[in-house]
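Two complexes are shown next, each including chain A; its partner changes from chain B in the first to chain C in the second.
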Partner chain A sequence: MNNKMIMMKFMFMVIFMIPLCLKKNMFWLVQNLMMLMMFMFMNLNVSIYYNTNLSYMFSCDIMSFGLILLSIWICMMMLMASENLLKMKFYVNFFLFNMLFMLLMLYLTFSMMNLFMFYLFFEGSLIPTLLLIVGWGYQPERIQAGMYLLFYTLFASLPLLMGIFYIFNKGNNIMFYFLKFMNFDFYLLYFSMILAFLVKMPMYFVHLWLPKAHVEAPVSGSMILAGIMLKLGGYGLLRILILFEKLSLKLNFIWIIISLVGGFYISLKCFCQVDMKSLIAYSSVCHMGVVIGGIMTLNYWGFMGSYLLMIGHGLCSSGMFCLANINFERLNSRSLYINKGMMNFMPSMSLWWFLLMSSNMAAPPSLNLMGEISLINSLMSWSWLSMIMLMLISFFSAGYSLYLYSYIQHGKYYSGLYSFYTGVSREYLLLLLHWLPLNLMILKVDWVMIWF
Partner chain B sequence: MNSNKMFFLFILFFSTLISISSNSWFGCWIGLEINLLSFIPLISYSTNLFSTEASLKYFLIQSIASINFIFSILMKMILMKNFEMNNFISIMINSSLLMKMGSVPFHFWFPNISEGLSWFNNFLLMTWQKITPMILLSYYLNKNFIIIIMTLNTIIGAIGGFNQSSLRKLMTFSSINNLGWMLASILISENLWMFYLIMYSFLISIMCFFFQLLNMFYINQLFISNINYSIKMFLLINFLSLGGLPPFIGFFPKWILINFLLSMHFFIITFIFIMMSLIILFFYIRIIYSSFLFNYINLKWMKIFLKNKNLIFINFLSFLSIMGLILSTLIFL
Partner chain C sequence: MKKNISICFLSFFFLFFMSMVNFMMMIYFIMNNMVIFLEWEVITLNSVSVVMSILLDWMSLLFMMFVLLISSVVIYYSKSYMSSELNLNRFIILVLLFVFSMILLIISPNIVSILLGWDGLGLVSYCLVIYYQNFKSYNAGMLTALSNRVGDVFILMVISWMLNYGSWNYIFYLMFMKNDYEMYMISSLVIVAAMTKSAQIPFSSWLPAAMAAPTPVSALVHSSTLVTAGVYLLIRFNLLLVDMLFLKILLLLSGLTMFMAGISANYEFDLKKIIALSTLSQLGLMMSILSMGMPDLAFFHLLTHAMFKALLFMCAGVIIHMMNDIQDIRLMGGISNYIPMTSLCMNISNLALCGIPFLAGFYSKDLILEMVSLSNLNLLIYYIYYLSTGLTMFYTIRLIMYLMVNDYNLMSIYNLYDEDYTMLKSMMVLLFMSVVSGSMLSWLIFLNPYMIYLPLNMKMMVMYVSLLGGFIGYFVSNMMIYSMNKFLMTYNISSFLCLMWFMPSLSTYGLNYYFLKLGQNLLKYVDLGWSELYSGQGMYYILKNYSIFYNFYQVNNFKIYLFSFVMWMMIFMFLMMMIL
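Take a look at the complex of A and B:
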């Protein structure tokens, strides 16, 4: 029972998968091994009240458990979605190595007990993302997208490094568990530590890197960005806000207002998009705006709802990017003017479009619904005026999700199409794996609703 | 590298040892002079016009610095009989040593001269030549002056490298930037400075070795040659490591230094340092565009072939860069 290696064994599993990438024809083996890792990880004992499965520097509580599961799941599905690379033989070995490096960094980020180690791997996960976007992306604009991603995130997170060392020098320890005993009443520290996560989330004013990065990334890059990288910001906020109780009671209204109003603007902007991926990227910003609002209210419903919405959004957005890529692989275009009337060609795929779009607009029985209901509860209890923004955001998110669905699926197809092939079973499996946790985990959601 | 150069290299190493282990300031000055004397023949090739010009400029600058140094030492000895600490004299001594190192505001010779040097000589200029002046600096430090200088170093190192396309000049400006970090580390502890210097020398040695092997001097040369992508990945990893990105080993010295600087409450200085390191990272990434853009138009003129034994060395150094941070935790068991 007293096993010190429980969490470390997963880290070693990923590390020892790395030599596998050097051999030929290892793509599907690595993907299956990731699936195996997922099933092994699910069996850990996780307690609500404490950090469990303590190992040398690792720990596992509910927050990190769910997000590690999500990251392993999405990394596995990234490999499944990128079969195109295998067909074209486009640096497959390096792609696998990149994937494993990313999984390692993400796993370590979520499972570290130490704030500085969290920062180290938080930054470390940027590099494989950058390599994915700039290496395997399609257009020349990906250089600018990579620059924006790297510099927006680094500019905000270097003051976070300074803040961590300040806390270390004052409080003499930076373990997550002991952060609740420290209290800092220092404005500059508050801003510098929160800004890093707000840029990563992203919040409205500092969201410019997200549409660029998502659009220019290949499908695997988009999946990991939407699926997990945004949640790193949320996880960081969930961990750090304990330090600033008094100060955040005074100042959090700024972030709530910015993200709610910004979410409204962004959801309006979604209606003007022509690029499918751009629309999904902006909808990510919109959802994350509500998440930030929920976290910043500092109440229990808010934390819970944001956690649920993070997981649900990770699965849902990643699934939508897979769908967009399915269309892109056939038509070589992401534009809405060309991708229309798809129901004529792939009626089975339109089922998946509908299921994932309905989850995006938080229709029952998806995790998104549960998250949004909790967040609406939390924001309304914080101030009834947020009702206006929440109403508009929910309404317009339903609006653009339906808009995307109906534009792509219904109507006459683009007459310039020459040939087409319907969905292959790999793609259906991919979408099933996205949708199944999203819509079935609502049956066991009390597991997440009962925290401390 | 024939035996003549070996001889002068040997004397170069010895001169540093003379300088840092002497009991009197005269011994330090003697070491500095022998350093200058032995570095000039290392640089100058009589057939190459650039390198003779560089060696001439180097001689001029360093001898002015040496003259300033000996004058200030004598002044200090005569006027204060080596007892008190005078602001003006300490600034004079520090300035002459800063001129020896190529630090701001006496840095203008540094990029200029490095254009005429081969990569190995550049490596010596950027790492070994810094040891003596830094140690001598730590003997008679003027804290306020050095704080201003180190901030300026990082700023000018970052901004000066912006419009450069020559790799040697870029490495020089990055060296000026890192000199700012090293000056900060000397303010805190000599041990810390030694650690930073060793890590920095390791990183720079990889870059200089790599560029020497490929015979590259300008950024566009990286794009037009047919290096295979494993070598390019090596370039990518090491440049990101030099820029101080986690999880590579180049993050380690910056991490330690930021920790100690913040424990001494140097908040604004640390902020300036890290922002400037972002700017330096930007122009490193400009260099390594050739590595991570997998498909760009590639000319087939320059074909570069690397020997096998160099390849093994490159792989080993690259492995150290990636795993170094994790392996270094084993040292502090």
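Take a look at the complex of A and C:
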């Protein structure tokens, strides 16, 4: 095959899946094709040292490879999780189109070599997310949530666009690979380039859009938000920071401090949540805080660990949102006061709650633990005083995970419950597909960890 | 025939077999002085390898043998004890998972791979504590899990401090890097981690609370395995710990734990809690002898204690079953007339706990106390040791009197039975071990015997305090109810003593209030307050107001135009007039 088509063929595969959305009963076919695509993509040759598979503007190194795999995987599982739409016949075709468009955008975001094109698709992936939230959300507040999602990101990313143009103007190229040959010690540029990604991550103080969006989004929206959208920020930071080597050493402490203290504060806020989804959303802010800390230390452990934790957290929090949705579909509420005593109804689902909850609190042998260990290593080698905050974060993350688990699983079930059905095999498969890579990949962890 | 093959029997058989295999291997290893060290590399980053290590030496094999033996009989026991449980499979699987994580903890000499067992123990024990669905076990489980999580976090910090050495196989660095500054940090973190797992003083409150678990779990988890994980970790780290300031603090804390638990056990009326507190007291003993630099004695006592304490819990389980799930010892009494076999087991394990000669506890405890007398100690520690020994006798005799001798107070008509052979058979195994394991182990694991050389009174000191404690225990158990009310005269001090020095309250309400309050305030003032004001809502507010403002101008533009024209003209004319 022509070498130029290696990366593009997957793009075409997604594009040519779009006509399938026009027909009826294509839901599972699209899902299966996505899975097929994932396995095909897994066979791509990637080198640990270089960007490989160059063609037009596409390229692939280990990090984009892993994140593309994660995107396809999550998109596939989003379809699996939202079978309810299919049953209700709730604009299924448009939903499928939206999924495919989202997958396309994410694929292009992660595979672009060009900073501007990356920016374009980075913003482009907002559109299907917004449509998901506004279109398939449950409550009227979803409009506000959509606005928050859109404008938080846009507010910070227009400076990013200006920054990209500035870099292009000065350096005459904006290829990721060549960024390492440039160095800008320019405060305004630093802030304008970093801030968009920090909002996307999200960093503490600019995280408000995330819980709102999660609470209002349908399960697929939550999964993609927690699974991939947050990782776009981390991906961007890992690519961009090479531009500001000197300035980063001076200024990165700001973000580390905000994220670590914020991570602790967020984990305390988790204890005040009574909405399952909101709690999980807050917990992802907490984890992403540690990721920001790891990236901003600029050392090898931090870069590796942040990539690994992004993958691990993508799988884990997406799985937890699935679980929350499984309860929601049965009880029509996300309140912790109503979702109680589930162990009496769904003992097997309780196992999955426990497994994913324990992965969320970074219990072995999950990827999260390995990622957290390397991030702790990086942050501790940056300053040992970060130990205090790391200990608090790690302790309270166990606390709120257990709080969530035992509040839902134990106790008396809600007495206003009229009818109930237990888990179906689709859901168990869905959770298995989240959990298995999360805990099995530790056996070959360099595959999702070492990216340069 | 088909009825016999249950998951309990299968697991029992498997675990028992594994235990025997471990025993044989242990004998082989100890005879040939052999150590097997296996390593599997997970990943190497910056020339630091994350490895999964397995260390098999006589110590780990012996400990595994004990854990497997106890767990096998406990599972066999729970076939009858949990027979009416609907989800027996879940229960047995949880117990098996627990044993698995304990084994992973025992065999890994690497601080990263030990997490696999260490975290696993915390999580599975959490599941086991909250096994019964009520608020009590929910709270107890949360307390247990979070206290243990403190230890996990400290282990995580140890991992990041060990990064300095370029490998996490701590076992290689203990001697060589002993005087390094980072090693001080590491060892203090390890000590705190071990203190959480072994429920030493600031963290003791979870151990009695964890008695909310089913009794077989208490027998396995909260007496012989989970709580000894901390002691075991420190035994592995012992080379590092000698001559350290923090170790002196540990000696004091563990001594106080021993003393505190002994006193609290005397105030307690809950059968399982008394046993739990006696476990706590024995853990304090192990920790304190460990912090005096005698890890082999701590290990010895760990093993013998595991045997008789598991047996004690199993007897308590039988009694609780028989008493219609009543745990209050004031309602029990005279049971030795009705259930002789169980009473026999109960008494033997209780006496072994006190260190009555030639039972299991005697060999370890007496040796420990004599080594304490031999060593160069201050008076405080010496008194704590001996007072705690007396207190052990005190609460044991009190318990025995309450259970065996005093009147049966629950109901006027009752029918106790002792013919549950599933439970009895499993207790017999441990009964045998509680009798012989002390002497067996002392011949097996000590290469050269300890030389004890003491004056007569110091040698007899154990006897004195035990007799004194025994007598007091006897008198206390015969105390009339109106004399008990005299405790109210010293209400403050007795509530201080019987509530474990207020530790349960301090570690729950004392801490969580502040954090929850902080979280609530943060949510209110930061997330729903200032952050909203300065980003989402604030921007919306400003934009909205300005647009209203401009809209106002634009809507009224004609009027304003005329008005401002007139204004300007007036100003102009005024200025003209000024100039002219």
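Note that in this section the second predicted complex is superposed on the first by the 444 of 452 C-alpha atoms of A that agree within 3 Å, B and C clash if a C-alpha of one lies under 4 Å from a C-alpha of the other, contacts with A are read in each partner's own complex, and residues count from 1 in each chain.
Definition applied: a residue touches a chain if its C-beta (ideal position, glycine included) is under 8 Å from a C-beta of that chain, and two chains touch if they have at least 3 such contacts.
Note that the structure is a prediction, hence the values are computed from the model and not measured.
Novice: Quick one: on chain A, after the overlay, do chain B and chain C clash, or do they fit? Just give me the call.
Specialist: Here the two partners, once superposed via chain A, fit next to each other without clashing.
Novice: Contacts for A:135 in the overlay, against chain B (first) and chain C (second): which applies, first, second, both or neither?
Specialist: first
Novice: Which partner chains sit in contact with A:158 here, chain B, chain C, both or neither? Use first/second/both/neither.
Specialist: first
Novice: Tell me the contact category for A:150 with respect to chain B and chain C: first, second, both or neither.
Specialist: First partner only, chain B.
Novice: Mind telling me which of the two, chain B or chain C, contacts the most residues of chain A?
Specialist: C
Novice: Given Cα centres, how many degrees, to the nearest 10, is the angle at chain A formed with chain B and chain C?
Specialist: Between chain B and chain C, as viewed from chain A: 150 degrees.
Novice: With both complexes overlaid on chain A, does A:347 touch chain B (first), chain C (second), both or neither?
Specialist: The second partner, chain C, only.
Novice: Pick one for A:169: touches chain B only (first), chain C only (second), both, or neither.
Specialist: After superposing on A, A:169 lies in contact with chain B but is clear of chain C.
Novice: State whether A:300 touches chain B only (first), chain C only (second), both chains, or neither.
Specialist: A:300 sits against chain C, while chain B stays out of touch.
Novice: Between chain B and chain C, report the minimum C-alpha distance in the superposition, expressed in whole angstrom.
Specialist: Taking the overlay as described at the top, chain B lies 6 Å from chain C at its nearest C-alpha.
Novice: Chain A residues touched by both chain B and chain C?
Specialist: 151
Novice: Hey, which residues of chain A end up touching chain C in the complex?
Specialist: Within the complex, chain A touches chain C at residues 148, 151-152, 205-206, 208-209, 265, 268-272, 300-301, 304, 341, 343-344, 347, 354, 358, 363-365, 369-370, 372-374, 376-377, 379-381, 387, 390-391, 394-396, 398-399, 402-403, 406, 410-412, 442-443, 445-446, 449-450.
Novice: Spell out the part of chain A that touches chain B in their complex, as residue ranges.
Specialist: Spelled out, the residues of chain A in touch with chain B are 90-91, 94, 105, 119-121, 123-124, 126-127, 130-131, 134-136, 143, 147, 150-151, 154-155, 158-159, 161-162, 165-166, 168-169.
Novice: Over in the complex, which chain C residues touch chain A? Could you list them?
Specialist: Going through chain C, the ones touching chain A are 42-43, 45-46, 50, 87, 90, 112, 115-116, 119-120, 123, 126-127, 130, 133, 135, 138, 141-142, 145-146, 149-150, 152-154, 156-157, 159-161, 163, 515-516, 518-520, 522-523, 526-527, 531-532, 535-536.
Novice: Across the complex, what residues on chain B touch chain A?
Specialist: Against chain A, the touching part of chain B is residues 229, 233, 236, 240, 245-247, 251, 255, 258-259, 262-263, 267, 270-271, 274-275, 277-278, 281-282, 285, 289, 292-294, 325.
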